[in-house]
Amino acid sequence: MSPRRKADLHGNAPDSSPVALLIIDAINDLEFEGGSRMLTRAVRMARRIAALKTRTSKHGIPTIYVNDNFGRWRSDFRRTVSHCLENDVRGRPVAELLVPDEKDYFVLKPKHSGFYNTTLDLLLAYLRTETVIITGIATDACVLFTAADAYMRDLRVIVPSDCATALTPAAHRAALVHMRTVLKASVRASTSIDLGRGLDRRAATSSLRR
Amino acid sequence: MSPRRKADLHGNAPDSSPVALLIIDAINDLEFEGGSRMLTRAVRMARRIAALKTRTSKHGIPTIYVNDNFGRWRSDFRRTVSHCLENDVRGRPVAELLVPDEKDYFVLKPKHSGFYNTTLDLLLAYLRTETVIITGIATDACVLFTAADAYMRDLRVIVPSDCATALTPAAHRAALVHMRTVLKASVRASTSIDLGRGLDRRAATSSLRR
Amino acid sequence: MSPRRKADLHGNAPDSSPVALLIIDAINDLEFEGGSRMLTRAVRMARRIAALKTRTSKHGIPTIYVNDNFGRWRSDFRRTVSHCLENDVRGRPVAELLVPDEKDYFVLKPKHSGFYNTTLDLLLAYLRTETVIITGIATDACVLFTAADAYMRDLRVIVPSDCATALTPAAHRAALVHMRTVLKASVRASTSIDLGRGLDRRAATSSLRR
Amino acid sequence: MSPRRKADLHGNAPDSSPVALLIIDAINDLEFEGGSRMLTRAVRMARRIAALKTRTSKHGIPTIYVNDNFGRWRSDFRRTVSHCLENDVRGRPVAELLVPDEKDYFVLKPKHSGFYNTTLDLLLAYLRTETVIITGIATDACVLFTAADAYMRDLRVIVPSDCATALTPAAHRAALVHMRTVLKASVRASTSIDLGRGLDRRAATSSLRR
């Protein structure tokens, strides 16, 4: 939001990156109504996110898991991951494709938007992030809420259309249209995102703009 | 803040309690300048907090660890606890006295106040908490910041004077005076807090006021 | 969010009302691209909002103007109203239909959502409002952002479909569908909102739920 | 907080300034218990603030009135000013010395801190302000709350000791000590603040730090 920023934040300085990859609610047991119908699409989405994450990691772009605590206020993210990797959980094949690394960040969100009563805004500020690539579940709910809040905070939003899914394909598509038209999001296939010079140049431009 | 509240919060309903015990930054390696000088006082404080926690737990009052992430944005609270229980860490005797239970809540805070960019406000709202007992480190810093934010949010603040400490006894005392006079906090020895009828009656009164 | 609430708020107690009428960005000079094309629809919308406001006022429901400051950080709401009532301003016929009364509240918002960096959340909390009727400009932008934030804060949302408008009728309709399906908003004609027993009964139910 | 910032904010771009002067609750009818006892000190404070404001204005430093709405949610700042300039109001001589100019900014705050549920944070971000000079009433209450929140947001805090006052001189002094030691504020006489090269050099340094 502003140029102010300390060299450290109550301790070690976090990394710095003009772009960050957000994975919303993908670590999810899918144990809700309609969860079984979206499973096939969710697994396909998870494969695409995993491939994208491999590419972004090579470019030094940090991954932030922004995940619901699903009312488990006493839990933490690692426990949610463990829960979703258990045998009898519907979302297990999705979670298995997206097991976090040691170097990933995570933010537990209590409600729909990743920015509401969480550390996400501050984390992005300290990472000096200006562009967020938003992925996950569901396109028209937590993904859209988070994208809207990112847009309102003057972050540039990229939504890879194959890296998000919703209860129905129609809801997915309508949310993509909304993000493209109202939130000025760049909506396109994950494989067509140029993580090299393309994003760099834009970051450079926005640096000049400051 | 308001009467609105859903029956559940994205999942299982959390407990409900008019009073909550906050333990601020007590899980702390104390590896900062002045940390060694305050160690003796911090251990004494930890014993008092542990004794208070035993009493509050018997009255069904939940404990919320509100702890700095000390710049370790990739960490979670359980790792911070593990780190502070390691052999060569200065704050180990303090952490050992205050190891969290399975039923404790925790909130990772990125800055001084427990309310700043965290889930604490929402957690207290869903717990329907109206009174917070604030303890921990340091009386004139994170404890005071959190107490001020609690007061501004219309929460009643109790500060057990023997359950907080600061770099110097003078700073500790000055902060207690400030919390009593400006924040209208109830400042007294932890053993003199009547957790039974006293707090219940007040909670009942404020219920009627609603 | 929570049951806590002081009897007063730094002064006189505001009114209390389980329902509030929000009018978003209707005091608007419409001097933006596409503004002339939406003028006819905006005037029709303003007539419906004015009629609704007459009815809600009779039921003691307060009106809150939630208005953009349009980058005029040194201005206040009364000046924005005066500006929009000037001769050569495109939005004048809309503003004339919706001139605020002495007893109306107003909240200046710097960005899209009425809740972002404003007093709206606190004002609704102190009014003990649980249901917001959201009207204004534009359905798929500031109205939708505000509705989403209201929903996330556990407020019940009613959107009278004839009391909002957007750059295009298609964008208006898509946003209404989104609010009905994702935000569980009650979307219907303003004349079909039963402000009497209907809303009262719901408020009573939600009181019991608490 | 972060480098992101749009060239404009929903309209005209506001000014930009690395330093801003905040005047807290000085537009105040002083009609509260203890108000008459502090009147003489408040008038002296107002003279010093007025002199400081003359100097800061010459250096292009914007003034932001951050003022309580005193529970008058339907009011705006200009009405609060008018009220405090009325004949029979105790705080009139203070308000007369500090009547806002056309080019001053103002932020209505509902509670103690100027940052709590207000636009102040966003306004400072868009002004690119990194240093705030905080003045007003009362040193140990709204001035201190605002200073603490500014410090937590990584703003540099300057408190001119003669430009703030409290119910008692002892409370005033204790708050100054707290701001100097805990909030690392620069506390000194207003006349000794070097608004020229001193602040400029610091701003330059912090620019490099980014």
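Note that the chains take the letters A, B, C and D in the order they are written out, and that residue 1 is the start of every chain.
FYI, a contact is a pair of C-beta atoms (placed from the backbone, for glycine too) under 8 Å apart; a residue touches a chain by one contact, two chains touch by 3 or more.
Keep in mind the model is a prediction, meaning the values are calculated, not measured.
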**OP:** Quick one: superpose chain A on chain B by CA and send over the rotation angle as a multiple of 5°.
**Re:** 180
**OP:** Select the interface copy of B-D from among C-D, A-C or A-B: the correct pair shares over half of its contact pairs, counted by residue number.
**Re:** A-C
**OP:** Between chain A and chain C, two touching copies, which fits better, same or different residues at the interface, with half of the numbers shared as the threshold?
**Re:** same
Subject >> Greatest separation from chain C - chain, by CA centre >> reply: B
Subject >> Length of the line joining the C-alpha centres of chain A and chain C, rounded to whole Å >> reply: 31
**OP:** For chain A and chain D, let me know how many angstrom lie between their CA-based centres, rounded off.
**Re:** 38
**OP:** Check each residue of chain D and list the ones that touch at least two other chains.
**Re:** 111, 121-122, 126
Subject >> chain B residues within the chain D interface of the complex >> reply: 111-113, 116, 140-141, 144-145, 148, 151-152, 171, 174-175, 177-178, 181-182
Original post:
Once bound in the complex, which stretches of chain C touch chain D?
Top reply: 8-14, 68-74, 76-78, 102-106, 108, 110-111, 117-119, 121-123, 126
